[in-house]
Amino acid sequence: MIKFALFGAGFIGNVHGRNIAAHPKAQLSYVFDVNQHSAQALASSLGAAVAHSPEEIWNSNVDAVLIASSTNTHADLLEAAIRAGKPVFCEKPIDLNIERVKGVVQLAQDHPVPILVGFSRRFDANHLGVLEAVRSETIGKLEILHLTSRGPTPPPISYVKVSGGQLRDQTIHFFDLACWIAGEAPLEVYASGAALVDPAIGEAGDVDTSLVILKMPSGAFVHIDSSRRTGYGYDERIEAFGSQGLVESQRKPTGEVVLYKGQQKTSNGLHAGWFERMEPTFMLALDAFVCSLEGQTSPYPNLLDGLQAQLIAEAAAQSLQTNRPVKVEYWLPSTPALS
Amino acid sequence: MIKFALFGAGFIGNVHGRNIAAHPKAQLSYVFDVNQHSAQALASSLGAAVAHSPEEIWNSNVDAVLIASSTNTHADLLEAAIRAGKPVFCEKPIDLNIERVKGVVQLAQDHPVPILVGFSRRFDANHLGVLEAVRSETIGKLEILHLTSRGPTPPPISYVKVSGGQLRDQTIHFFDLACWIAGEAPLEVYASGAALVDPAIGEAGDVDTSLVILKMPSGAFVHIDSSRRTGYGYDERIEAFGSQGLVESQRKPTGEVVLYKGQQKTSNGLHAGWFERMEPTFMLALDAFVCSLEGQTSPYPNLLDGLQAQLIAEAAAQSLQTNRPVKVEYWLPSTPALS
Amino acid sequence: MIKFALFGAGFIGNVHGRNIAAHPKAQLSYVFDVNQHSAQALASSLGAAVAHSPEEIWNSNVDAVLIASSTNTHADLLEAAIRAGKPVFCEKPIDLNIERVKGVVQLAQDHPVPILVGFSRRFDANHLGVLEAVRSETIGKLEILHLTSRGPTPPPISYVKVSGGQLRDQTIHFFDLACWIAGEAPLEVYASGAALVDPAIGEAGDVDTSLVILKMPSGAFVHIDSSRRTGYGYDERIEAFGSQGLVESQRKPTGEVVLYKGQQKTSNGLHAGWFERMEPTFMLALDAFVCSLEGQTSPYPNLLDGLQAQLIAEAAAQSLQTNRPVKVEYWLPSTPALS
Amino acid sequence: MIKFALFGAGFIGNVHGRNIAAHPKAQLSYVFDVNQHSAQALASSLGAAVAHSPEEIWNSNVDAVLIASSTNTHADLLEAAIRAGKPVFCEKPIDLNIERVKGVVQLAQDHPVPILVGFSRRFDANHLGVLEAVRSETIGKLEILHLTSRGPTPPPISYVKVSGGQLRDQTIHFFDLACWIAGEAPLEVYASGAALVDPAIGEAGDVDTSLVILKMPSGAFVHIDSSRRTGYGYDERIEAFGSQGLVESQRKPTGEVVLYKGQQKTSNGLHAGWFERMEPTFMLALDAFVCSLEGQTSPYPNLLDGLQAQLIAEAAAQSLQTNRPVKVEYWLPSTPALS
């Protein structure tokens, strides 16, 4: 039984907290949130205690922590967890400042603990089907990977301003998926984008519609299109084209009710939002983390995956600004000199 | 090059006439119709001659005849063709009087010529896919066969009155398909039906909506539902359930245009009528007949298939009247005694 | 908060027990099972107490009971619950002896308590979509209703012998669905069937493959095909054909992974079994029951629905034996004379 | 009745010749091909005469010409046709030398005759469905247009060398479709590509796999991916994403036969090649041309559309070489000064 402390009792903290409570091998011991009221409400509904400070958690007997607090607290909490030797399940991103991210990665290199970075889409059953068909070369050698990322409504402008922009906030999940499926990371990125949905997003210096091309070391190409607004719910898809076939993670309908009337066939559309579509992946990600802590082989996205996706997003953001293809500059933590 | 004479220059006669003219190995020599004007219009547009009497055709050098005239002329023309030794492509049914049909079959037994009976649905590519999966036992042993036969609008009451009724006129095609796919003919039939679409059809002594269950010698069951009216175009389907799998000839959409908007997905519906859906089968049936006349192995529904479907329809009609399962009484022509 | 006692700690008892524990407005207080070991295991994992006798439950402060014990205990427990004034969620069937069922219904008439009979398929989201389209007359007036009920593997012969037969055990769910969707109950039933899957089922006096036609008072027809074995998982579907359109609850695939290779498209098939497909309906049924107890309008299948489906199954079983259409004999409890 | 002369009796010449012969309002008078044998074979099978020189055609009474000869003859024949005042249906491209194309366009400006350039995909029923949904703003304002162009096998290297390259030979059809659907032409193009299919294509200076992004004046983005080889037949699709919805011209399956077996659903894949998929568009394009000559309003791609697509292809080819976005340089013929 893995005892967890949870940082963050907002929307996504609630999701994680309930999942921990429901997981047969996990237990929620503490909840911390700067908003004590939220922490209390969540903790009491799940039979957990409220922690009054992070220190209370670092000094406790919890086996692991789950960081679901606001982005600007991730790096500090990660560093504290690493220092306390506590395994971490951390929502993405690590930090919007890429130098800060490198610092965390270096610390984790020097003081290793298991760290899962919350790219939970890797646990979607349909996306896993694509991964398996690509990795097993059922479709031969991967040549074109096309990912679609379209959410129903743009976030509030206040969020847009602190989000790092569409490429760092939304498309980053698909940079991770692309590398995970292709089994390699891009050499070069070209990004185009514009504020077509809401001029206020443009005034905030961001885009809401973007197309990105990645060139992979194997020669494969990746294309990702992202939009902040659809008129038809949440649309996420992956299409992998290889030398011998094609595999897709297609749209998931909300049901299988079909009406024929007149000259039309009408059927169920898509989920209202990303959460309705992706909800099951959160428990699956938690399960992978727990199983791994219990000694099973159970792959999950780690801190280096988190860093990698952020470095790709940096190059993409630079390409967007300069309208030129940009090479991705990777970085690895230094290993200690042998004495 | 097979030289054809065509009886009937109505709607379906026009279809057959144009197909003969377009077939690379066939040629339309004569057209006959009691309506000389129709015959003339069709013949001249296709470079054929008008025959002024059936006799002109029987005495001509045509290699084959295609009978697409009204139902009450089929038996006479078939007999004349048999006596003249001309191969025949004959639209179904042979005759509404079953004793008359037996007479034609006996004559054909005594004076054999190739005769194709126009169960053209056997040439539909999707239905052929079902046939192959059943016959190859890809789905194991056939256990349940479900056929759907629903046309968009009922025929005029004047036609209903002379049609022999829904089971003999509409469902008969599916009795044939069922036997063709199953590779056997039913022992017993149970039919239910009512005039739900139009009371005038009921007043004419017919039904417009019917469900029929056939029990096959192998133990397999067949279910056929037929309706004279839909609110969504022409709906014809076959589902074959076997011990190891299921194969379907599904609905054929009119296109692949898909719209996502709001919470719905909208796509193309079905064809306006049976002809739009089944049109390609007429040329394929003709081609099978022509290829067969030219010596190739090219299976097609023959006179005994036509008789068999009519005998099943007779039993079904009797079941409908009595509300009891009815055994099908088959009949075979006598072969001459050896001297 | 509704306090529940659970009868039965087998497979389906476990499902219900966990659902009660997870429901925000319900609480599992007691578990009873003749197998004390099973009761103990389930109770302790969910924080409930073990009851050592049914009486302990009738005398307790529980607000409701859930009967998920073996079929032959249902009637006794229902009667005891009615006498104790406890609302009941009871798995189907009420009893295999129809006179016994009538006794329970009469008792409930005289001493009313809320009783849900576990036709949980009514809570399937896709089936609900069909219900809504039929009831709102989106498809016009219902004319043909076609239901498919095919499970992957036959039950053990020992179960077949005590199950009442395929029509009373499997098809009964679809008798209920048909009445629920059509908003009426059949006048007459015709059933055909055979033991095509396993001769031992035939030797046990049952069938494993059956086709049933129901004639409804409105003139609509219902067709239900049932099989005890498929080569492709669990296949349950509903198709409602009306005067103005068609609505279907189609097959639910296990995923949306599509592979194109060579001349084929391959995609996800069906669920392994009925439980994998229908699992969400159990919680939805429980929720309807709980909401109803808390005073909300929340329709669910009741004791009369359970009786009605059993009476239809009786007629169907008689039709199967006699190979004749059989009229359904309905029965209603007597109401007390006004004094 | 429009009398046609046909230039070219190769594969596509045969297609056009047969369509002209089958069209009720057209008639094939002459066939010319430098290979007299091919010309003779086609002409005699269709009841047309062989022309022994192009001059014979320009001096004849034909109403229109159809140019389906090899690419390097298009410009000369177009110019001759313009000078002879004969309407032209010309296969694309006009000429691989863009200056030569401009010369033809200028000549046509000075001596107008109806000219259809063979972008026959505009006549595909599914693509037309997308056009209508975009132009009617059913999907709101167009924001992302994604086109997929993947053929089953690369052309021979000998063809690759004279084709102008993948972007000018294959992707050009999709430059045209993109402009046609969007109702505007791109400002800027970025292209990425590689020879992933066959290194010999790379050695010939071409690519076989490419991704192109177009930026449109309205702000909309277009993405086109092209491959010269698939393991699953011919794959052509269009997806139009707008502010209020999404419309797609999806893959067209070769049939509707579906097999369920084990855990898989298997169904028909795609057409063997572009011709099998696109065949109906050739007759539809011819019909539009004929109807237009007969005075009906019947839009078709004209010489300026042909020029426009070629100019976009030029910019794309330059982008591919330089790995930089390239602005498209449009050109219009000069109109004569008013005197």
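The letters A, B, C and D name the chains in turn, as written, and every chain counts its residues from 1.
Just so it is clear, a contact is a pair of C-beta atoms (placed from the backbone, for glycine too) under 8 Å apart; a residue touches a chain by one contact, two chains touch by 3 or more.
What you see is a predicted model; the values in this text were computed from it and never measured.
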Comparison of B-D and A-D by number of C-beta pairs in contact, larger one: A-D
Greatest separation from chain D - chain, by CA centre: C
Copies chain C and chain D touch via same or different residues, half shared test: same
Gap in Å, rounded to a whole number, between the CA centres of chain D and chain A: 42
Between chain C and chain D, centroid-to-centroid distance (C-alpha), Å: 59
Intercentroid distance (Cα basis), chain D paired with chain B, Å: 41
Chain B residues counted as touching two or more neighbouring chains: 139, 231-232, 235, 244-246, 260-262, 268
Chain C - residues contacting chain A, complex: 22, 125-126, 129-130, 133, 138-139, 244-252, 255-262, 268
Interfacial residue positions of chain D with respect to chain C in the complex: 231-233, 235, 253-254, 260-270
Contact footprint of chain C on chain B as seen in their complex: 139-141, 143-144, 146, 150, 190, 192, 194, 196-197, 209, 211, 213, 215, 219-221, 223, 225, 227, 229-232, 235, 241-246, 323-325
